[in-house]
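Per-chain numbering from 1; labels A, B, C and D assigned in written order.
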Amino acid sequence: MAMTTGDKYLKRIAQLQSEVWLEGECIRGGLTKHAAFRSVLQAKAKLYDMVQEPSHQSLLQSSDHTSNFTFEMPRTKEDLVKRGKATRLWANEAAGVLGRSPDYVNTIVTVLAASKAYFSQAGVEYGENIQGIYERAVKHDYTFTHTFVNPPISRKPYYPDGENQEVPIAAKIIDETEEGLVIDGARLLATQGGMTDEILVLPSTAFVDSDYLYGFAIPSDTKGLRFLCRPSVCKTSVFDYPLSSQFEEGDAIVVFDHVLVPWSRVFLYRNELLTSDLFSKTGAEAYMLYQAANRQVVKTEWLLGLAQALVDVMGIEQHQHVQGKIAEMIIALEAMRGFVCSAESQAQVNEFELMVPKIEPLRAAVSYYQATYPRLVEMLQLLGASHFIAAPNEQDFASPIASQLERFVRGESTTAKEKTQLIRCIRDMTMTEFGIRQTLYERYFFGDPIRVLSSLYHLYEPEKAAYRERVERFLKQLPHEKIQMDESFRS
Amino acid sequence: MAMTTGDKYLKRIAQLQSEVWLEGECIRGGLTKHAAFRSVLQAKAKLYDMVQEPSHQSLLQSSDHTSNFTFEMPRTKEDLVKRGKATRLWANEAAGVLGRSPDYVNTIVTVLAASKAYFSQAGVEYGENIQGIYERAVKHDYTFTHTFVNPPISRKPYYPDGENQEVPIAAKIIDETEEGLVIDGARLLATQGGMTDEILVLPSTAFVDSDYLYGFAIPSDTKGLRFLCRPSVCKTSVFDYPLSSQFEEGDAIVVFDHVLVPWSRVFLYRNELLTSDLFSKTGAEAYMLYQAANRQVVKTEWLLGLAQALVDVMGIEQHQHVQGKIAEMIIALEAMRGFVCSAESQAQVNEFELMVPKIEPLRAAVSYYQATYPRLVEMLQLLGASHFIAAPNEQDFASPIASQLERFVRGESTTAKEKTQLIRCIRDMTMTEFGIRQTLYERYFFGDPIRVLSSLYHLYEPEKAAYRERVERFLKQLPHEKIQMDESFRS
Amino acid sequence: MAMTTGDKYLKRIAQLQSEVWLEGECIRGGLTKHAAFRSVLQAKAKLYDMVQEPSHQSLLQSSDHTSNFTFEMPRTKEDLVKRGKATRLWANEAAGVLGRSPDYVNTIVTVLAASKAYFSQAGVEYGENIQGIYERAVKHDYTFTHTFVNPPISRKPYYPDGENQEVPIAAKIIDETEEGLVIDGARLLATQGGMTDEILVLPSTAFVDSDYLYGFAIPSDTKGLRFLCRPSVCKTSVFDYPLSSQFEEGDAIVVFDHVLVPWSRVFLYRNELLTSDLFSKTGAEAYMLYQAANRQVVKTEWLLGLAQALVDVMGIEQHQHVQGKIAEMIIALEAMRGFVCSAESQAQVNEFELMVPKIEPLRAAVSYYQATYPRLVEMLQLLGASHFIAAPNEQDFASPIASQLERFVRGESTTAKEKTQLIRCIRDMTMTEFGIRQTLYERYFFGDPIRVLSSLYHLYEPEKAAYRERVERFLKQLPHEKIQMDESFRS
Amino acid sequence: MAMTTGDKYLKRIAQLQSEVWLEGECIRGGLTKHAAFRSVLQAKAKLYDMVQEPSHQSLLQSSDHTSNFTFEMPRTKEDLVKRGKATRLWANEAAGVLGRSPDYVNTIVTVLAASKAYFSQAGVEYGENIQGIYERAVKHDYTFTHTFVNPPISRKPYYPDGENQEVPIAAKIIDETEEGLVIDGARLLATQGGMTDEILVLPSTAFVDSDYLYGFAIPSDTKGLRFLCRPSVCKTSVFDYPLSSQFEEGDAIVVFDHVLVPWSRVFLYRNELLTSDLFSKTGAEAYMLYQAANRQVVKTEWLLGLAQALVDVMGIEQHQHVQGKIAEMIIALEAMRGFVCSAESQAQVNEFELMVPKIEPLRAAVSYYQATYPRLVEMLQLLGASHFIAAPNEQDFASPIASQLERFVRGESTTAKEKTQLIRCIRDMTMTEFGIRQTLYERYFFGDPIRVLSSLYHLYEPEKAAYRERVERFLKQLPHEKIQMDESFRS
């Protein structure tokens, strides 16, 4: 069995020597002891421990119990549905706020490996390479971050030293040697960047220039690879910030400073056609969306649970508008579940014998959630009103004024501290810097909402045509005579 | 085989002697020749003809081919899913705008008959009576209208002749004889009232007074039964009003003028408990919602088809905001499908051995659609702009100015008449009096949106409790110590 | 005194020989007797009678009592505010639903004449011509329709007889003679087209080709001028359709069939610069928007009055959500009033000595109303619920079932007929074909909402720049040192 | 001259000995040196310095130059408009984010003093007391916090020590002595609580019990008075948090621990009638709203400026949807200005000879802004997309990776640091804990949005009645005959 445990996972990551920059400081190794990384790594370790728990093994391990579920290639609808359940179980463990539990990118690696033949079209070695990346990952139970976006591009080329030497912005192939590709430039925005065993680099479809067309996976501590993390929103008080303190994943600009990517790690190379069809033909996009939609279902359950707890603590259930707000959250939850159900029930086996969920409902799901998640947050704000402004903190409750808080802040049948803990949890979910990053994450994780809508429009081409033709048939067959009146009607 | 055909159906309805009042005129018999009723009856006749078509028999007939699908009691998920498909097939035949194809109320009759034991709790005769109503309906392939709403009640009693004699407003039992109950007063708002073989009268839960607690079905031409129809929106020009001219169903206040209801037709009688649990315990509500949600899926497909046809005729596909509007319609369609899928996949057999779709997603569906349908209409208005103001009519195209219309009104690659036909169809779907009634129908057919949200809130009690408890467990198990910083972090 | 009276106005229009096509029929003369035109002409006649009423003379007549207010050129803020009040008084007389009371286009004629010097830049005769048009209009107290939109243009030229002869679609200059311009083609969409003394033809800015650049006014019965009216939504029953029956204005495609426009009527001729600055430099746009915004204020008052009457008849005032809906309407009303107030208080004299209202708030107003008007309609629908479906009509109340309607349909303290009259008025305002045209009119009367937003964006250039610079100054002057902590804070 | 300067103000506040609790720590004195209070006090000091600047004296000082504008009683429209401008000037200095510049509560004190006769109705001493409070405030140029909300009340009384002794929650009169009232309990939620010279305590209208009906003002360091501050969101890095670091005002629960309020400070005492009419009769509410609406105008200008700067830095101006988003912000700004303009132009002198702005547009304004402010924030989020996630911080730019940020993060024509500074400013305005508190502040500062709507509904009673009657008159005068058709029309 290649499955890791929480402990083994933490030990492995502790030894990772990736070059991580955070708030002006360079960190190399020891992430598991660093305040900004420790908690989320422990949260992930818990997920690995769950895999070993007898009660979860049937769901969280592959059918043959040789790996965790993330590396299993679904061949039947049952496989698919099981995977969805496993994703939801993990997501629930993290209150729905961990965007990148290991299943997210592992799913991509697994789906790409299942589509080995796809990459072999350009040369048998590319198929073998993705297969090798997958097998190594299974063997060690690896985690990955990934990136497939280029920095917003300046139309002017970049000459840092005046007009002499142009340097790349978006990461590109600047050289090729016997050992492999040499990559220079940057990629956006790797969640958990620097904290995972490897990084999966997928081609961006924004450029046609073949210098930008490549796919590979390399260890996070490869020479020249650098992770520029955004400032951490991790907090130390669990009472004040129950989620920030546990689940801050970070996001990083990935810099390739003349990184040498061995040929054996390259599965896609200067191939425009294979790049443009990559996500649709392999089923990778459908699987990424399927993971995301399942996580969002769980997140919505959490928001609903928080909202109902708040309503009960505040004693405002009897108000029609309160019920209406909760009901809107219920509708959102049922809608998300429906999209997932629809994708599962229409799943089909693709040419690589993967059972791929139907993509249309999943695209609709992600687009729906981009617009709906902020409304769910708004519901919480509208329910809790000024409670979110006034919430005391851990230090207040540890001070001489604790008894006064108990007198003036308590709920109908909860202590002030319990009530405050709930309110601070909701704040942290939606109104701290961690919470706001959650909102931005849901708004943008699959791209600009306007472009997501446009791509849904195009994806839906066959259905739209069918419905349009149905309308045209109806109009063509309309009878042309007037309907006969009888005499008494509207004389 | 008891299945009717379009022709037989029309002949039977032609002989119906129900007392129908329309726009000040009393009509008795001959509805199939009356301009206000003829078209919709023919539209329904087509549905019956479809049942006989070889290509549709497997879907539109019961498994044993003894009745059409509407009278089949679903025992398995396959039965349920088949019924959903059949509903969508019929709905599609009517462009999604026929609120009451025969399956709607037939479903209720069938579900109630399947729950015969429910009614027998109050006396074995009540179970037998609903069984009898059902069997007779199957035998003759009957259609029904139904009513379960009381008129909005005046707090003051009603004394039409001064202060002496109070008369009932909401229909109530005013007498009981050996023959049966005597009912006096009115009920709201029977769609197709007066045009169907029988009327199914369900108890309203608004009153506790047992005079108002009854359930029965009687022929539409029962003595004293009177249908006060709202003014018809039926139109004579199919070109100008392609939907109003074919699918105007009407709605009627049902007046019971001392109507004698034979005991053999009564299946619920002054029983408060059986009344309050009626819709939930028998699965009737779940089935009504299931029919409605399936119809709404089809209606949304039609709106989407019309929108896309419009976009193509106008040549505006390239605009991002146009794509965004269509994409919003796609999301609505996928959401509705998802709700249906969810209800099917979580369906369970109830105590009367009916396979009942899960009600929560269906309640969410109807509530979602109450809010979303007007947005779909808005999308069409925003796409078509002033085209909807300026559309010429049939007479214009039959006049000397036809050639000028061709010159000034034609589309890029459609004739002016074809383009106008499409625009008039969209107008009729959403902007004529017929179209507006469609909007009102979707906004209100399952009740006031605010109350529907409240009832969804209450229905969701177990789930909300589970999610709230999950939150509470999470908060309780939070570690109480602060997270240790390493020295370098935020010194 | 040149001011007309209702009677004189009707007599003059009765003699108008414009070529009007309606529903396939050609009408020449006698509009005042034709059912489709009679009512709205009488409604306008009432406006003229109001001008003569002693109580209204100070508001509805010019200061020197030589014309009605529509022809007065405002020179001071007081003049402007008076004009706004006069517009609201007339609008109120027509329940806010008459889009084109005579002040709308008369205002444009007046403002253009005040800007005589603007047109004279291209030749002194053009200034004199607009002056002449104005003086004649004042002398006879004329009414106008106007047009400034081209038909949506086919990219392919139009060859009705195969490939030989291309004919114009948008109206253009096809010849010039000593007598004047010869115009051929069509223009969209003249409200009240054919019913007014003259038509004002303004240049469209859509084309650069000078064949399309012209401005003139000619009598509606000029030879070759043809009005293709959309089907009428006028109704005969005032009870059933209190607004459709009185205020249906019609909209018409204007066809110029080789129309000769005398040189003396041309005030703008093949001049691109004068065309592109026309609406901004003369203040015409500001004045059109000012008239519209004032009318919309009144319309909103009517919608609010209808809503409150409905709430009272239904006895639902106590519900918080009902109050909330009315309050939203109040906010809309106050917002519209605020925009007008803002435009007035920032009005400035332009180079032609006109006191021109500030355009920015008025553009904001029209854009706000495009989005808000449909919400106001929605509020009415949500308040009235199924009452709008079930409303009986005039014939019902004149029939034997009237007493039953009284019993079952009456309100708490209103008769069924009174209640129904109110409900039908709301239906007609918002849910009949007349009502829907009102919605479309408000959504589109100043252009596609998306483009109106874009133009507001550009119009606001100076303000945006000022606010952006303020931000930049703020960011530049930020202190660069960290704020010093005292020891005790967050140790 | 009684006007203070920034320096004098800071010295005075430095000596204030109010009992302030913050994050578990008790602070007494030295607020001007404490990191959590220092910055906002300096920001306020700048406002006082502005009053002395020659260029601002005409606006920021009273007409007779004896006090700053906050203490001037407006008697004319010019006075009122000047006050609005002064408020906007101060608000602008604080980027619109300082909710409580001194004018907010000073305005209330001033208006109440102007209404001296109102309080004298219950006894001449009450009038004199408010006059005394005002005069002392003017003399020393005092600042105030205020409170008029009770803690959400438990229906069960509070017995902290079991069942023996009930203690008050909401602050109430528990004793009266010769010296004055003794108050015990708490009040919510004093912004800047503890940092101002005095606290103004206004009666809450939530209780009828006269123990809760009182109005007074006392020094912040009165014995027994205690301010329980919510945790501070003040930050030390100006670069990272340009607003949090300067304008964090704090909010505090105010605890009255057996506080003795001298009779000379009491202006309202157990008087139900004077309590319930207080805010309307004196004009205090209108003035509070007027200050708030003017501040919100400025805040909206800032949001618009930030949005436009962002659009320019990102180079996305050409997109229609970007223009549309900015245009929505423009509409909001013009709407807010319109409300203010409307309130000014309809202002009237009240019985105490104050020129009081019209309250209806101001209530509409605050209600509009409660709903609109979150949309403005949303626009910023939608425009900036993932830029808000990835923004580096001050330490990053001071570290070795600065050059890499310059390479990968810079804008089209701005340096990475400038671009980041802008993005961090927008984050701080809307997405940090400071920013979120701004959102909550605007959502709630005048009360629960649902209740604000209800109160607007009731306030509008006379107007609604007038519009309803107009509708009724219209319906009553409708002609009863049908409109005559001519033969050719719709034959």
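Simple rule for what comes next: contacts are C-beta pairs under 8 Å (C-beta built on N, C-alpha and C of every residue); 3 or more make two chains touch, one makes a residue touch a chain.
For clarity, every value in this text was computed on a predicted model and none was experimentally measured.
Trainee: Between subunit A and subunit D, which partner chains are common?
Mentor: Chains that touch both subunit A and subunit D, as defined above, are B, C.
Trainee: By mean C-alpha coordinates, which chain is most distant from subunit D?
Mentor: Ranked by distance of C-alpha centres from subunit D, the top chain is B.
Trainee: Between subunit B and subunit C, what is the separation of their C-alpha centroids in Å?
Mentor: Their C-alpha centroids are separated by 40 Å.
Trainee: Roughly how far is subunit B from subunit D, centre to centre by C-alpha average, rounded to an integer in Å?
Mentor: The mean C-alpha positions of subunit B and subunit D differ by 50 Å.
Trainee: Which residues of subunit A are in contact with two or more other chains?
Mentor: In subunit A, the residues touching two or more other chains are 23, 25, 320-321, 450.
Trainee: Spell out the part of subunit C that touches subunit A in their complex, as residue ranges.
Mentor: 319-321
Trainee: For subunit B, which residues count as touching subunit C in their complex?
Mentor: Residue positions touching the partner: 21, 23-26, 151-152, 154-156, 158, 160, 167, 169, 186, 188-189, 226, 228, 230-231, 240, 251, 253, 255, 314, 321, 374, 378, 381-382, 385-386, 388-393, 395-401, 403-410, 412, 431-433, 435-437, 439-441, 443-444, 448-450.
Trainee: Which residues, counting only subunit C, touch subunit D once they are in their complex?
Mentor: Going through subunit C, the ones touching subunit D are 23, 25, 33-36, 38-39, 92, 95, 234-239, 242, 245, 301-302, 304-306, 308-309, 312, 320, 323-324, 326-328, 330-331, 334-335, 337-342, 345, 360-361, 364-365, 367-368, 418, 421-422, 425, 450, 453-454, 456-458, 460, 463-472, 474-475, 478-486, 488-490.
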